[in-house]
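The letters A, B and C name the chains in turn, as written, and every chain counts its residues from 1.
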């Protein structure tokens, strides 16, 4: 592209790009906008043809109906417990493992590293059935632990942190050894704070990934009280009876809002985590 | 120098903040999850940990709507007396549809935490028998002469009797019947619905009123009705006498008798006489109630509801027979519905209590209440006799049809209905074939043959497991 | 380093690695191996007792019309989603690379769907697809087109599900393509411009080749995501109608968890593993090859 004196592309290209982007952006944002719009519509208006863009008489009844129809707060709590649990354990185990791989010279290091990289390529479907059977056998179906346990270790986390730790200058460690610090102290008092951006990026990414899971929570929870947000929202989708779309959209709004808010707040870190997950597979 | 150190410390804390916050938040979740798990166990079907001593008899069921209300009332009454006499109360747990119900039961058995009693649909019988996870009803009764087994209709008991053993208590039992719109009948110069397939086909043009938007017939595209048509023709669904003298390994329903029903529906559909609303049970009922169909073939369990809510007189007739293959009086119909199973794995003392509840459900007053408030018919001769004497059936002749129909069932394998461990799959095959045949892609022959082949494979697969 | 410290180091290392490795073994490695074992077995009714059935379940899948339909549905789904997601994201990324005004707002709009789950994406779109009251058909009607019954028509359901998936996935691709575009050497571009090449030629001969590794990566990831799709299908169409959207993962779910045929589901998982693992491996090797070769 041609660049002007300020290093940015020429004004005309920028303007053109802005205009061209309006259409896809509007189309892309429309579903979310429309969901909100329908959620405030009265029941009859939601079915009206032709459908209106905005509600003519906005109402809040859909929201109260949605809250009465299913325990939405319970869903969010379940998702929160599961996602936080997964993120915490993943972070802990990954930090420990990545440190060993990055910083300790030991026999078999290359093998373990290769093993972790191999684990990155394993799709989750191959583990579903046996993990499910394990949960059934141990009576853990329909519990929070079942939502957390199978995801407590993350090859991606280990690999990401391994790459980051490897890049941290050795002098820090040598200084710590001179000061008489143990490995643990070095890890948690020096290496981790220094690596905070990467760790937080991983944490955010892990949290969002866990929050967005669908298949495993669907399979491993039985009662409504244990459902997560994603499975819970799906309960509002009913095929045969005429659904109250206003209420469905209200429920979706309530349940999707935390994700959108969290995403906007942590966009930078999330994207960083996302890119690293790609970089991991890229090799 | 001091400033630098202070700044470094501040920076350190700042950097640590997000991580420690997250970690702290996560750490608090773990005890919280333990607490909420406990609080939630009231709403949860499964709980963690070993099975504890029960404070109530767990009874899993799949009744919804009006029927679940009746069940609730029955249980409430039982529990009222229970506390007075020191018996364990019964706790109802709705487990969703019949399919969900048996799946949840399977999970529960595998996780070693079964309920005491479970209501399972009739086609799950073989699976439960083969599982070895149930206490046969016979053993539960164990010679208690008070139970009233001799009062129960043998035609109903025989469905749930496998290799000579009675396994479960028939609970919601139904038959298919024809519901007819009284006004349509009158307009066609008839007083009762046709009782043969041929008669039905003939009467259709008279019963339909296409100008008013009323077709002749509507029914759910369910394998159950297909199986009924087989029973009416004395044909079997699967080999080994419908799986009654041994584990079946071959489906044999694609013969002339099977094709007959498919072709019958196809001809009506082509003539615009049949409203195809798919496999669901509700749309045909709605169709009929809205006057959009003169005849409805569905379960007798809707007989009271339809009678009360229809804005026209409703006349009930028996499920049709083939005109040249025996009379409607002596042909079989297979029963549908569900039964109550007692599960192994709970304490003996608790199962004795569970038996008390089963006895309650089987008793004459409860059976009478269940029949009169739902459409399911009573399984006890004394209840039928009493209702007759009171004139109940004179006032409600529609309710009598299914009873008579069942009582007339011969003691044949075809009339007994099939047993198969993979029955749900079989039904899926048949229903797919029905849809295909009606959509007109192939004739009934090829689609039935394909379904039959799939069913045979499924049956053989199941047999290998035993 | 003395003998003591190396064995010390090794012991420490394994201690640090232990939690992660043990968890990975219990929940990933062992289950993966067990899936393979399970694929050759079936269960006795209501029991954990395994009955060996050899290759029966694989043979069943090979001969199963339903499984074939599922394979076709998956391939069709991938064929619809991947070009849409890749080309669409390329177009948007190129536009964003032009530093338009409100760039960060635009970026956020395209990225938000990445942060929400497939289930949410499906819930957002399900009403839009409604044949009578849905906005999509309304839009089409203004252009004089009668919109189909998106979710209940076997011919159109795959499009509906693909549209939702592309909507959700485009943002992911945009991130990578934007990063790649930012690294295209400006000097080459300017030299070409000074040589009189128009935008299109510049794009085709300079930009595209420079970002081809990212394009390859994004394409392969889209393929893998397509093969692993489940949430949006479960909510939008339940794999129907007539199996037209019953992709492989959905078939696995149905067989294993709705029909309780866990041995069969294990066989399906093994097949899925081979397919996805194969694609991932290919991508991994190509990436290493690209990294190793000089530009």
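Basically, a contact is a pair of C-beta atoms (placed from the backbone, for glycine too) under 8 Å apart; a residue touches a chain by one contact, two chains touch by 3 or more.
Every value quoted in this text rests on a predicted model; they were computed, and no experiment measured them.
In terms of which chains touch, the assembly is arranged so that all chains touch all other chains. The interface with the greater count of contacting C-beta pairs, when B-C is set against A-B, is A-B.
Chain A and chain C have Cα centroids separated by 15 Å. Inter-chain spacing, taken between the CA centroids of chain A and chain B, is 41 Å. Taken residue by residue, chain B touches two or more other chains at 110, whereas all remaining positions touch fewer. Counting partners per residue, chain C has 48 as the residues that reach two or more other chains. With touch defined as above, residues shared between interfaces to two or more other chains in chain A number as follows: 89, 92, 137. Put simply, chain A touches chain C in their complex at residues 1-3, 8-9, 13-18, 20-21, 24-25, 28-32, 34-35, 38, 46-51, 89, 92-94, 96-97, 99-101, 104-109, 112, 119, 121-134, 137, 149-153, 155, 158, 183, 208, 211-215, 218-219, 230-231, 233-234, 236-237, 239, 245, 248-249, 252, 255-256, 259-260, 262-264, 267, 270-271, 274-275, 278, 281-283. Across the complex, chain A meets chain B through its residues 77, 80-81, 84-85, 87-89, 91-92, 136-137, 139-145, 192-193, 196, 199-200, 203, 222-226, 240.
By the touch criterion given at the top, residues 42-48, 51, 53, 56, 60, 258-260 of chain C touch chain B in their complex.
Contact residues on chain B toward chain C in their complex (touch as defined above): 99, 103, 105-106, 109-110, 127-128, 130-133, 421, 424-425, 457, 461, 464-466. For chain B in complex with chain A, the residues that touch the partner chain are 12, 15-16, 18-19, 22-23, 25-27, 29-30, 32-33, 36-37, 40, 43-50, 104, 107, 110-113, 280, 282.
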